[in-house]
Amino acid sequence: MTPFVADLLIPVGKIIAVILYPMIMVMVMIWLERRVVALMQGRLGPNRVGFQGVLQPVADAAKLFFKEDIIPRQADKRLFNISPILVMFSSLLAFCFIPLGEPLRVGTYTLTLWIADSPVGLLIVLGLSAISVFGVIFGGWASNSKYPLMGALRSVVQVLSYEIPAGLTVLTVAFAARSMDLVEIVRRQESSGIWYGFLMPVSFVVFWISAVAETNRAPFDLPEAESELVAGYHTEYSGMKFAYFYMAEYAHMVLASSLVVLLFFGGWLPPFQGVKALAFLHAVPGFVWYLIKIMFFLYLYVWIRATFPRYRFDSLIRLVWKWLIPLALANFLAVALVRFLR
Amino acid sequence: MSETFEKAPFLLARADRFITWAQKNSLWPFGSGLACCAIEMIATAAARYDIARFGMELFRASPRQADLFIVAGTVTNKMAPVLRRLWDQMPDPKWSLAMGNCAVCGGPFPTYSVLQGVDKIIPVDVYVAGCPPTPQGLIHGLMILQEKIARSHPTKEILNPDARRPS
Amino acid sequence: MAFKEIELNMGPQHPSTHGVLRLKLAVDNEVVLGIEPVLGYLHRGMEKLWESLTYVQVVPLTDRLDYLASLSNNLGYVLTVERLAGIEIPRRAQYIRVVLAELQRLASHLAWAGFMANDIGAMSVLLYGFEAREEILDIFEEYCGARLTIHGIRIGGVIHDIDTGLVSRIRTVLTNIPKRLADIRTLLDENRIWKQRTVGVGRIAAAEAIDYGLTGPPLRACGVAWDMRKDIPYSSYGDFDFDVPLGRNGDVYDRYAVRLEEIGQSIRIVGQALDGLPEGPFMAKMPRVLKIAPGEAFHTIEAPKGVLGFTIRSNGTDKPERVKMKSPSFINLQSLEHMCKGNLFSDVVGILGSLDIVLGEIDK
Amino acid sequence: MPADPADRPELRQTLEALTARFAGAVLAGAVEGRELAVRLTKDVLAPALRFLKDERGFNAFEDLVVFDNLQAPAGGGARFTVLYRLYLFPGALRARVSVDVDEGEALDSAVPVYRSADWAEREAFDMFGIRFDGHPGLRRIYLPDEFEGHPLRKDFPLAGRDRGL
């Protein structure tokens, strides 16, 4: 294995893979969302473009690519252009720290299925996904018109206040796994034989609710409420810039679901490890389990969107400050107590 | 470059086919209904007729992200400047469809406050007659528009901007 | 810090203004201080146009007023002309008119349920409501060929007779509607988010409602039992027994509950009308050119949106001297500011949806 | 549907009370079925509406109708006839208060009495040009403010005067 291959080809290959992975997941997600929401509403959804509408996201992206790129005259040019990049960049960068499976032994070389694995990978991913809030704020502010501004202000308050319960519940997982390293957390779940989702169900539920809220989805989609704010913070965006916002939203959903799977449902571990009779499940590679679990949570996102009405702003904030944060705190104390007594 | 374009080398023709295929199959209509035709437009997007099958499901509320302007209903003189502004706010390449007799030619209202036909203020690609046109009629109009897009040559417009359509 | 009141414009083009209504809102970051609706973006000059058409030619134009309930507009106008001209309508025609008007109320309420739920965020209810409404539109299409602007009721009676085949198809639709309604009810009735968005929002007291001239479901949601079908029965509504659903505290949730309840009542009325369909002609004997002696008549009906009234003055020729329409949505919209003051911006969308206004009827 | 044959006694009392209260101003009065029709002079309109609402219980304002008598001259020969239609809930009784107005004359507004008369009066001003004194914000409701002329007058052509746009 010449250093040229080891130090250049493989890392570049991995980087391309990490960029492609969310893009493909976003394409799948766009198709999945429009089909599933349509079927839930008693209609068919896109099924003319390619087999069963599979090429629909490709058509959307290509069309948006060739659209005229309008920058409103009264907009603040620099901020206006930076915000879609910020939103997209933060989610793609966060994907570098998401491990996709156990390292593979390829001949003599061990291929690690992630780009960077740091002892504080969890914090870095949370921090990076928080950068997207800046993109939304700059975008809403720079468009210099009333509806985007209101959308951006709503998004600021919502995402910041939902970071707190998310952070607290993530702490309980780190507490249980005694480390912040995502790979270590999964290995810890494997060795302890029980997934944290079942060990600490309250943490899972609170984290899931704040994950849905942070990605501005479903009942919490106030920043881009079509019926009130026309199109929320990305009202003034068109063409490829809007495509960034549109895809970044899905990328954040994939990021949040993969986080939930890693932290609470044992990433790439096959289910029912302990049971000897089901040992054949180990034959299936870890990455496949990982994908199945992520798809389940993405389906859950879409299911929630098709059923629930939208929260009003004050009830949204009351939910987090009166219910989620106290619950997360109590849960954190309980976990700490249990750890201390054992 | 434009002379070589006359011979429409293979590359540009293929690019045309791909671009028009993408534009044809992801026409996002602009959700602006004016009168009775708006209800039929929504019925066309609803479960039974479902234009989501052709990829037209996302009724964008903001003109910036829409590429098809369906003028569904009566255009009054008070609404005309608003409609023109909405049309200008839409990014190119954009198409428009005059749905219903009121939008096409003023319909049953030869009165002081109605604009006799929306093509007085915006260029119209497809006229759909009917008062209101049935969802099948509207879908037929949309299919004609898709054929019109398939025949267009976006690369020609990109290469020499002066050949651009009057907007 | 100087208090700066933002002037927000829910402009003539907005996803949830149900047409071309423009609301000038004075907003203190999301709290509504004042609303001034601006109308006229769909003013087609109907009343001027009617003065240059004959009585019979006006009927199809009344379809385009409240385009979600065109048969009710026809019924209102046609009853006024018949009262003016003193035409006697055969009982079978009156029963068929009741069947059509009540089916139209079903379609209008189902479409409204979809629009309102979509404004508050529950997208799927719009699709379920429209799917249920499509079945009723099939009946209209079979009866007289049109889905939305139906023009099914003429001066002197109705266009066609109802044969047994159509009666059985109407009955199957009547059995399907409650099933679809059950979907909508399970999705919304006890939904915590829906209740948070609607209970106690846009509340109006009964006395204020009457003073604001509110009519129809928004008024009955305040507990005021004013239903023209009961108070001044017309077109043989007296023969059917149905009760008038009432709300208690006149907020958005009660208007929602009253309208869904009315759907159940309308199904009862259509059932009874079909059972008791009398024999006889479906159209009175009408002169070829209808000339009406000078006079004036005023008649009101209970349209899905509220009390719809027509004042017609004749001058002996075949053209009306003046036709004035009293539109329920026009009067109901006046109380929007009273209901929205002090609420949040996202409640304005809910309250506007609960009033169920249609711009064709407001702007005439 | 012919009007109810039985005349309503309370409407008859209202008519007598009205004629007693506004002696010279009641030009004509009749009770027909469930409707009381009264023709008043211009200056007594607002007090009469206040009287009907407070003492006689006509609590709901139903409609405001304006007739242009250019071709069909009314009794008094005035250009416009303005009708106020009131409704008594729950008794289901109606009152038709009509006033004759000449061109250029103003009526005093009914908004202090019936709040929902606001837009109806603005529409009457927009369509006929009748001014209402005391109206909180009398301006055109349908047509743009720079529109000249009042469309529903008989002498206004259907297709409008200037075919702008």
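Should a chain be cited, it is by its letter among A, B, C and D, assigned in written order, with residues numbered from 1 in that chain.
Here, a residue touches a chain if its C-beta (ideal position, glycine included) is under 8 Å from a C-beta of that chain, and two chains touch if they have at least 3 such contacts.
Because the structure is a prediction, the values reported are computed rather than measured.
Colleague: I'd like the Å distance between the centres of chain C and chain D, where a centre is the mean of that chain's Cα atoms.
Modeller: 25
Colleague: Which whole number of Å gives the spacing of the CA centres of chain A and chain C?
Modeller: One centre to the other, that is 45 Å.
Colleague: Take the average of all CA coordinates in chain A, do the same for chain B, and state the distance between these two points in whole angstrom.
Modeller: So the centre of chain A lies 36 Å away from the centre of chain B.
Colleague: Go ahead and note the Å separation of the Cα centroids belonging to chain B and chain C.
Modeller: The mean C-alpha positions of chain B and chain C differ by 31 Å.
Colleague: Residues of chain D touching 2+ other chains?
Modeller: 142-144, 151, 156, 158
Colleague: Quick check: what residues of chain B touch more than one other chain, meaning two or more?
Modeller: Only 46-48, 61, 78, 110-113 qualify.
Colleague: Give me the residues of chain C that touch two or more other chains.
Modeller: Residues 14-15, 40, 43, 45, 48-49, 127-128, 131 of chain C each touch two or more of the other chains.
Colleague: Chain adjacency by touch: line, ring, star, complete or other shape?
Modeller: Graph shape here is other: it fits none of the named patterns.
Colleague: What chain-chain pairs meet the touch criterion?
Modeller: A-B, A-C, B-C, B-D, C-D
Colleague: Applying the document's contact rule, which stretches of chain D touch chain B when the two form their complex?
Modeller: 142-144, 151, 156-161, 164-165
Colleague: Going by the contact rule at the top, pick out the chain C residues touching chain A in the complex.
Modeller: Residues of chain C touching chain A: 6, 8-9, 14-16, 29-30, 117-124, 127-128, 131, 187-188, 191, 193-194, 196-197, 344-347, 349.
Colleague: Which of the residues in chain A come into contact with chain B in the complex?
Modeller: 34, 38, 41-49, 53, 55-56, 58-63, 65-70, 226, 230-231, 234-239, 242
Colleague: Quick one: in the complex, what on chain C touches chain B?
Modeller: 11-15, 19-20, 40-46, 48-49, 60-61, 63-64, 67-68, 111, 126-128, 130-131, 133-134, 137, 147-149, 359-360
Colleague: Which chain A residues qualify as touching chain C in the complex?
Modeller: These residues of chain A touch chain C: 37, 40-43, 146, 150, 153, 219, 221-222, 225-228, 230, 305-315.
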